[in-house]
Amino acid sequence: MTASSTPLVALEDVHLSFGANEVLKGIDLTVARGEAVSIIGPSGSGKSTILRCINALLAPSRGRITVNGVRVDALRSEAERIALRKRIGIVFQQYNLFPHLTVLDNITIAPIRILKENRAAAESHARALLERVRLADKVAAYPGQLSGGQQQRVAIARALAMRPDLVLFDEVTSALDPETVGEVLAVIRGLVREGMTSLLVTHEMRFAEEISDKVVFTENGRIVEEGPPAQIFHRSGNPRIRQFVRGLGAREAVQPGEGI
Amino acid sequence: MTASALPSRLSAAPLLLAVTACGAVALWLALDPSLGRLLLEWLPYLARGFAMNILISVLAMALGTLAGIVLGAMELAPVRLVRAAAIAYVQVFRNAPHLVLIFATTYIFPFEIVAFGHYVPFPDWVKAVIGLAIPASAHTAEITRGALQSIPTPQWDAAKGLGFSRIEALRFIILPQCLRRALPPWMNLYASICMGTALASLVGVHELLHAATDASTAVSRTDFTVLTYVTVLFAFFLFCYPVSRLTQRLERRLAR
Amino acid sequence: MQDAIRGFIALAGQVGLNFDFLASPFELRMWLDGMGTTLVLVALTLPLSLAGGVVLAAALTSGRPWLAGPARAYVELTRNTPTLVQLMFTVLVVNMLISQALGGAQNNPFGAYFWLVAVVSLHVAAFHAEALRGGIEAVPAATVEAARGLGFSRLEVLRVVELPLALRTALPAIVNNLVNLVKLTTIGYAVAVNEITYASLMIWTQRDNVVELMIVLLLFFSLINLAVARIGAFVERRLAVPGFGQ
C-alpha cells in the first residue's frame, strides 16, 4: 500500500443539521495528498459547511471525517481540535485579517503564539511568504489600507505561515472586484502547482477547470456528481449541472468592457 | 453554540432571577410569619416613600427637559455670547456629581421664601427636584444639540425643494427625526435621574431609602433590615428594568 | 505658603467670598485630605472597574449559559438599582452578615472604604461590560473564525482579536462611564468616607460658606473629568489604526 493511496481527507456519510434544518445529507468525499479538489454548486448547498467540518469548526451529527489519520468527528476536547486546526489552513471570503495588526503581525502572530516560533524566524518566514504573494512592500501596512485582493493574498500567506498539510479556500474571490480576482487566483495556482493539497469552494469555473484534479458538484446537501473537470464542465449527464455550468459561464463571459 | 440561539434565553435571565428571588423571599416569609406581618405593616410607609422618588424624578425630568431643550438650541445659536454661556453651563453641570448639586440646592436655598408678604415654606423635596433638574437640563442640552446636529443639511434642502417653509420643514421633517434620535438617550437619562432620587435621602427627604432606614431602625431586627433593603432594591429594579428594556427595544427600532 | 493663603483669602473677601477656613490648619488639612481621598478613590476604582468590565464582558459573550446567565443577571441588577442603595445594602446587610459569621465586628477586616471601592468599581464594571459586549459582537464572525481556524483557543481569540477591536469601538462609551465613575465616588459621603464632598460639608456647616465651597467642588470635578476626557482622547489616538472604524 503506497502512501498516495490513503487519502489525506476522507468524509464518509457525513450529516449535519442546524437545529431542524439538515444542511448536509450524507457527504462522501476524498482528497488525496497533493490533489486539488474544487467544490461547486448553488448557494445553500452546504459547500462552506463541508469545509468547516474538516477543520472541526463545526461538528457533524453523523458520519466519519478523517484528516491525515485523525478521526475529526471523534475529537472530544477543544485542545484536540486546536491541534488539528494547526495542521489545516483556511481562508474565508472576507474579513480574514485582523484589522488592528500590521500585515507582518497578522502573519506572524499565530506562528509565534501557537507554534512558539521565535520572532526573528517567524518574521523572516513571513517576509519570504509575502515575496511569494508579491506583497513584500506591504509589510508595515494595516489591512484597512489594502485592497480586497491584497488582503486575500495576505490571508493566504498567513495560512501558509503555519506550514499546513492542507489548505481550504472558502469562496475567497467571491467578494472581490473582477480586476483583483486574477491576482488571488495566480497565488492559488502557484500553490497548487507546488503540490499543496487544496480544497476550494469556488464560483470561478474556468479557474476550477484549469487547476483541479477533481471537481465535485453539490446541491441540497448532497454530492450530485464528481469527476475530472472535463467531465463535470463539458460532459455531465446531469441536466441540472449543465444548466448551472452554463449559468456560471454566462456570468463569466460578460466581463466589464466587453459590451453587451 | 451559535450566537443567535442565546439572546432569547439570556433576556429571560433577569426575569428568572426576579422570580427566584421572589420565591426565596416568599419562602423566608412563610417560615417566619412575624417577619411577613412586619413587612406588610411597613409596606404602605415604604410605598409612600417610593411615590416621592417617582414624583421627584418626573418633576426633575420635566423641568430639566424644558430647560435643556432651550439650552441645547442656545448651544447652536449664532450669537457667540449666548453659545459660550450655554456651553459653559453644560460643561460645568454635566461634570458635577448629582449629590453635590442636591447639596447645593439644599444648603444654598433658604428653608422658606417670602412671596408677596407671605412666608412660603421651601420643602426639601422641591430642592431635590431642582437639584436633579440641573444635571437633567445639562444632559438634555447635549442630547438636543446632538440630535439637531445629526440631521444632515441635505434634509433641509430636500424639504425646501418640496416646497416646505422653514417652520413647516422644522415641524414635519426635522423635528420628528430629532425626536427619534433623542428618545433613547433621553430615556437613559430618566433612568439615571430616577436612580439619583435615592440621593435625596441624604438630605432628609422622606423618600424610599429614608423610609427604609426609618423602618429598620424602628424594628431593629437584623432579618427585617435585610428584608427592607431587599425590598428597596426590588422596588427600583421593578420600576427601572422595564424602562431599560423599553429603551433598548426603541433603540433597535429607531436605529433603522 | 501661609502668605499666599492669606493673600488669596483677602482677595476672595473683596469679591464677597469667604475662604477663611483655609487659614485654619485643622480645616485646611481635613479639606486637602478629602481631595486626596477622592483622587485615591478614582485611582483605585478606575482600573478595577476596567478589569471587572473585561471579565464580565468575557462572561457575557462566552456562549456558555452558566457563565453568561449570572453575568447578565448581575449587569441588569446593578444597572437598574441606585448605586447608593447597593452601597447601603452592602454595608448594612452584607458587611453585617460577614461580621456575624466571623464572630463580631472586630474580626471583620472589611470597612466602609473597602465596600465603597468594591461597589463603585463593580457598578461601573457592568457598564463597561455592556459597551465591550457591543464591541465584541461587532467583530465580524469571519474574523473570529479566521482566528480559530489558525488554531487559537476561544480565550486566545478573545484576548488577541476580539478585545483589542472591541476596546477601540467601545472607547467613547468607556470614557463616558469613567466620567460617571468619578462622580460616583461622592456616595462615599453616605458611609462617612472622608472624600471631598464630606470634607466640604463639614466645613460649610460650621462656616456657612456653601457657595464658595460649591464653586471649588464644581471646579474640582470639572477639572478631573476634563483630564479623564483628555486621556481618553489620547488613548483613542494611540489605538487608532488606519482603515478601521473610520
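Labels A, B and C are assigned to the chains in the order they are written; within every chain, residues are numbered from 1.
Throughout what follows, a residue touches a chain if its C-beta (ideal position, glycine included) is under 8 Å from a C-beta of that chain, and two chains touch if they have at least 3 such contacts.
For each chain, UniProt lists the protein as follows: A = Phosphate ABC transporter ATP-binding protein; B, C = Amino acid ABC transporter.
It should be emphasised that the depicted structure is a prediction, and the values quoted were computed from it without experimental measurement.
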item	value
Chain whose averaged C-alpha position falls nearest the assembly-wide average	C
Comparison of A-C and B-C by number of C-beta pairs in contact, larger one	B-C
Identity of the chain that, by mean CA position, is farthest from subunit B (Amino acid ABC transporter)	A
Inter-centroid spacing, subunit B (Amino acid ABC transporter) versus subunit A (mean Cα positions, whole Å)	54
Gap in Å, rounded to a whole number, between the CA centres of subunit C (Amino acid ABC transporter) and subunit A	48
Inter-chain centre distance, subunit B (Amino acid ABC transporter) versus subunit C (Amino acid ABC transporter) - centres from mean C-alpha coordinates, in Å	20
Subunit A - residues contacting subunit C (Amino acid ABC transporter), complex	52, 55, 57, 78-79, 82-83, 85-86, 88-100, 109-110, 113-114, 142-146, 155, 158-159, 162
Contacting residues of subunit B (Amino acid ABC transporter) [partner subunit C (Amino acid ABC transporter), same complex]	1, 3, 6, 9-11, 13-14, 16-17, 91-93, 95-100, 103-104, 107-108, 191, 195-199, 201-202, 209, 213, 216, 222, 225-226, 229-230, 232-233, 236-237, 240-241, 244
Interfacial residue positions of subunit C (Amino acid ABC transporter) with respect to subunit B (Amino acid ABC transporter) in the complex	63-65, 68-70, 72-73, 76-77, 79-86, 88-89, 92-93, 96-97, 100, 137, 179, 182-187, 189-190, 197, 201, 204, 210-211, 214, 217-218, 221-222, 224-226
Residues of subunit C (Amino acid ABC transporter) that touch subunit A when the two form their complex	140-143, 145-154, 156, 160-161, 164-165, 168, 239, 241-244, 246
